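Labels run A, B, C, D, E, F and G following the written order; every chain starts at residue 1.
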Amino acid sequence: MSGYFKELISGTKSLFIGLGITGKYFFEPVVTLQYPHEHLEMTPRYRGHIELIPNEETGEPKCIACGMCQKGCPSGCIEVKGEKREGVKGKVVTKYILNFTTCSLCGQCVESCKFGALRFSKEYNLASPRKEDFIFDLIEKLKEKS
Amino acid sequence: MSIPAFGDSLVTYLIIAALLFGIGFYGLVHRRTLIGMLIAGELILAGASINFMAFNRFLAPDPTVGQIFTLFIMGIAAAEAAIAMSIIIAVYRNYRSIDVDDVAELKG
Amino acid sequence: MVPLFSAEGLSSLLFIVIVMTTLLGAVIATHSERLIRAVAGLAIACIGVAGLYYYLHSPFVALMEMLIYVGAVCVTIVFAVMLADPNPEEDAAAGSIFTGPLSFALGIMVFWGLYAVSGKTSWVPPAARINDGSLEEVGKSLLTNYSMVFELISLVLLIAIIGSLVLARQGRTRTGGQS
Amino acid sequence: MLLAKIKEALQSLYEDIGDAAEIPAAADAVAAAATAAAPEAETLPEEATPEGEESKEEEVEETAAADAPAAAPPGPKETDYAAKGYHLDVELKPEKIPAAADILYRENFFIESITGVDWIDEQQLEAVYDFNHFDELCRVVIRTRTDRNNPEVPTISHIYQGANWHERETHDFFGIKFSGHPNLEPLLLPEDADFHPLLKDFKA
Amino acid sequence: MPEWLRVILFIIFVLSFAGLNAAYLVWCERKGAGHIQRRIGPKEVGPFGLLQPLADGAKLMSKQLFLPKGVDPILFMVAPLMVMVPAIMSFCVIPFSETFVAREINLGLLMIFAFASVNVLGLLLGSWGSANKYALIAGARCVSQNVAYEIPMLITTITMVMVTNTMNLNEIVRSQAGWFIHWHIFRLDMSLLMPVSFLIFFVCSLAETNRAPFDMAEAESELIAGAYTEYPGMGFGVFFMGEYANIVIGCALTAILFLGGWQAPIPLNFGGFLGVLWGMSWFFLKLYALIFTVIWIRWTYPRTQFYELLNLSWKVLIPISLFNLILTALQIKIFPWL
Amino acid sequence: MNGTLQQDVNQETFTLNLGPQHPATHGVLRVKLVMDGEYIVEAEPVLGYIHRMHEKMGENRTWAKFLPNCGRMDYLSALSYNHGYVAAVERAAKIEVPERAEYIRVITVELNRISSHLLWFGAFVLDLGGFTPLLYAFDDREFILDLLESVTGSRLTYCYFRFGGVYNDIDDAFIAGTREFIKKQRKRMPMYDALVTKNIILIKRLKEIGPISKDMARRYGATGPVARGSGINYDVRKHEPYSVYPELDFDIPVYEEGDSMARYMVRMDEIEQSMRIIEQALDKLPEGEIKPKKAVKMVKPEKGDYYHAVEAARGSFGVRLVSDGKNQAYRLKLRSPTYSNLSLYGEATKGMLLPDALALMGSLDLVIPEIDR
Amino acid sequence: MGKEVVQPPIIHFDTLDKILGLGRANSLWPMTFGLACCAIEMMATGAARFDLARFGAEVFRPSPRQCDVMIVAGTISKKMEPAVKTLYDQMPEPKWVIAMGNCAISGGPFVFEGQYGIVEGADKFLPVDIYIPGCPPRPEALIEGILELEEKVTGHRRWPRVEAK
């Protein structure tokens, strides 16, 4: 019988303690980051989709279309084509298609690039009513950006 | 335009009560399941209660009697419903049917 | 006769509505194919009956009718339907001779008899009333004149509770005991 | 300690034929499973009889010799834990599996997983059982090979209930039939699946 | 003012009150839940998200109306109304202030309980009519819960009727006039366990209205959406409105029975229109404080296990409320001068 | 007993299909329940609704290309799975890992374990009907995700470990942030204790509910907090030490009761232990390389099979590799802990009430993609 | 395949349609329906840090009958496909589908030659309205997806666009 009352009282007390905690939080400031009005800076290592790094002088992509990224990609979402041009060392990239919809953001393409021509973009809020929007032509994207 | 004051005549209530009683009786005979019969029985009780209340309102020298009777009927009806329900469920458990005929055939 | 657009007239109109509700409920209760609808019909009929009690100057009994019939009896029956009637599609009137027209005729006969009795009797109103039949008076009567019945009713209810518990339990053990 | 003990106990499965009598439950189940699967597995009932003992032993040696050209003596092999990740490597004939599981069960081992490997070049399917111990580090790997065209291994789900799912999964992926299994229906694959995706010759 | 005009005005008031209340209680609930959880809650739809209920309402009303396969069409459609209508009708006897009450009938308390019982049947029929196993389990649970909690609730109510000698809600409030220590919750001279009966009544009203932590009718993680699983669009909306109307009724009843209804905590009363406003503001203050508590509780506790819930009623609430009944009777009879 | 059961199945029971989309199953598990009223006569989980063919992909992809899959099996403690796979391949191909990389692995794995337990805590209370603790837990979890994102670049499905090391080095900001997080979390735990653990409703729902005996855990091969809640002192980190765990001092919380409360308590205590591990690892963190001196180019393990187990947040995660000497696996078996943990569900829930069974399911901490793989 | 052909209404109530559209767009109730990794990010979006509730979209209903938008968050396996389809069919019109994450868009990293288990994208059998790429997408992306959906429903965008740097 005493156990019954003990449990009753301690139980009721625990319920009031719980109310106290949530009540306290009710008056504490919110932690929400109101996205479209304010937004986070992505960390330098944030992995968005990949993008080409331009040569600082020419603005052309540093990529020489060696195809290592294409080979190293686990899900085969990169398609690179390049051609040999005169007066340029290595090849010149003519086509760099990233099918972002199958990418798993593992970073093996960036890792396998020996020329430092790839990096992760900071685009973190992509959404679109069209699927095709996410098959990126990275060369086009680079041009748009500059 | 005018309308008779229906709510104020004894015979109206008696007719309604008789109708309820008749419908209830019809249901009691017509229904073949225990629950259906129970529902019809409740209607019969309701008819009787209306009679009590009507006489209480129009004829009784002590107008508490009818009310008390009706309350008692309600009490009995609740008790009856509880008992009937448990019987029905017990019957159902044992015979997997609430059909009156099936129960009669099996004879426990 | 009272004018239609007066308090009495409107109340008379409302009375008709209530009577219709009651009878409609009763018909649904006895006639619908599915038991669950029959219970709903019973609930409607009970609400109608409660309205009638209100017209009979007894709001207390009216509210008790709702509380007990709708809140307790109907709910109990729905419960029983849920437990005992897995498929709601219930009997078609086959087999017994009592179903169909014969039962209808019986119902009519009962109604006719009652109607004849109530119509032919000459009801004499009482000369005087010893009280106004208010709730206080009901309460007093319950605890004085009818205290014995009151006690008995509570006894009946107690026995009913125990009895239904026993029955419910028994059902369980028998299912278990068969193996 | 435990390792040596369990090694010795498992060794008995290679040498001492009387073990079948020692562990009646498992043996019965094997026999029952064998009779249940009798039309498909004709060899099993023979081997369950005492007369087949000697020939069985020879067979074990033969398979062991065939699989391991290094000609190691039959029996549980201790392995280098640091390099391999397990302590004891036991290769058994399929019908010895329940007996081995029973030995491990008595020594309080728990089952980690069951899986298969498809050795398509040798036309064999291998079932691999991983056991481990809660108190002392001792990983035991039991493997058995069956014919790829009619893969059948007796179940151990009556000894280790946890094996039930693992065996179903292995059946899903490789089509190894675990005879005596109570409910060998697809677990991970759709209910009506009739393919075994982890076989090397599987094409979607 | 002629009687019929008063009644019509009151009907309009009650209907709009019930509708607005349901809509904005949802808003309060979402906002309150948000702040308890350290987030904002609805904000972008209108200032402070105040248009959120309207958007929800517009959406629910424009949702495709269809009857899921296998349901009993009549029961399915009638059930939400059976939850909603009695709740709205109960508003008629709630005294918002001394004079601001639709019908001051003598059996107000009983009437609310009588109508509340229809509510249970509505839920049960709706869950049965849905022809869904989860709904059915939820309905069955909900009824056993309602039956179990109706008992301590009625016993406590009877205690309160014994104390006040009336079932007229307005009379009950009037009997608590004066300083706030005259509110029933503080009247230890009438029953030593008065605060406990307040708690019991409040807990029971939580359970009767199927609110967390007793929300068996909508036990999301167990029974999908419980009794409402099959209800699309406005059917669901009406159920929801009925539920919130019931919460308001439950809290109003608690406020009236224990917290002095429209009585101010100090013996200060006005006449006329000012009096109505004065009384109403106190009543609403108490009412919404209680409702906030209900919301607050919902966002604090986990759900009780169903059988524990019944145990709580049968093993704790009923014995204590019975004891309380006897104690109160003794206290009133033996020490009538207190 | 069996007869009665059979009879009940024939007479008074009905089947309830829990899932594959049901709020309590956290994803796409389906449980076929045979119920007698609210009592469960039989429960049979049906799996495979998110079977993603990881093992098949392991045979189709090179060792390195399989890395992203690890994070997607158990997305709540992705780094443990990274660790398990990477360690198994390292064992097979005999790759040495620099000490600093091992420390970084331990720190990040333990952070990940805390975040996993926090999410479980929230989701479990959500299963029991309490919504707010979930949001508080998510609040704390966001801190960890921010920390891990600053190192690994992703929030959830990390692909951070590489053969012989890690992808990125950690910096001072990360270390400071981690220390701050631990400080904050230590203050936060008593709040959880008062709000949830001591709550009478929760205690009533978990105490003596869903008992799993030692023997049952063994027969089904349950590991991790499920086994530890049943009084089995088994943790791969202590039992079969790998990485730098032997150099760190921590305890294994073990509870004897075997009920849902015990499993709950084990996980709550583990959060504290993980914080201890992280603190020590941060103190001991050596300077040096994070990748092997000789870059790992082509991984080609010797022929044979290899096994490596790690302690993931849910139990022992084992990787069995069969290599035929090529640059991809011949066979890759992934032993996932919850697969075994869930397999005891049918036996454990016999005769239980539906809400209790759901509480038990929550206490098993299921991540369905990891079960189905 | 594709949206059902809805008969155009005989009478057009332009303003009413607009109001209803606004109502619908601002009260998108998603289904409590997670398939895999992305479901966790979906939960995170509803949590305090990002708070989907600001847009009135936090009412995760467990029953499809009361949902407006189905967020397909994760890989759809072939075994799961019929269930997803049923759930979609159980939702009352008007209804929308958001494919969250690469798996729901195209099968994501689980597509390989000879795969036997997954459906390569939710749009193979559902009319998808919004695609949110990522593996998994950040919570901001899901919010962005909800905003895009609102734009699609009402025809204009109320919120500023955030350009990622």
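General remarks:
Just so it is clear, a contact is a pair of C-beta atoms (placed from the backbone, for glycine too) under 8 Å apart; a residue touches a chain by one contact, two chains touch by 3 or more.
Small disclaimer: the values here were computed from a predicted structure and weren't measured.
With steps allowed only between chains in touch, the distance from chain B over to chain E comes to 2.
Comparing chain pairs E-F and E-G by the number of C-beta pairs in contact, the larger count belongs to E-G. The most distant chain from chain A is B, comparing centres defined as mean Cα coordinates.
Per-chain Cα centroids separate chain D from chain F by 29 Å.
With centres taken as mean Cα positions, chain F sits 25 Å from chain A. A separation of 65 Å divides the Cα centre of chain D from that of chain E. For chain C, residues touching at least two other chains, in rising order: 60, 64, 72, 79, 81, 175. Multi-chain contact residues of chain E, defined as those touching 2 or more other chains: 34, 36-40, 43, 220, 224, 299-301. The multi-chain contact residues of chain A, meaning those touching 2 or more other chains, are 15, 18, 21-22, 25, 30-32, 34, 74-75, 104-105. Contact residues on chain A toward chain G in their complex (touch as defined above): 30-37, 39-42, 48-49, 74-75, 99-105, 121-131, 133-134.
Residues of chain D that touch chain G in their complex: 189-190, 195, 197, 202-204.
Within the complex formed with chain F, the chain A residues making contact are 7, 10-12, 14-15, 17-18, 21-22, 25, 31, 43, 45-47, 72-75, 104-108, 111, 120. By the touch rule above, chain F contacts chain A in their complex via residues 61, 64-69, 72, 132, 136, 139, 146, 149-154, 157, 159, 162, 167-168, 191, 194-196, 198-201. By the touch criterion stated above, chain A contacts chain E in their complex at residues 8, 15, 18-19, 21-23, 25-32, 34.
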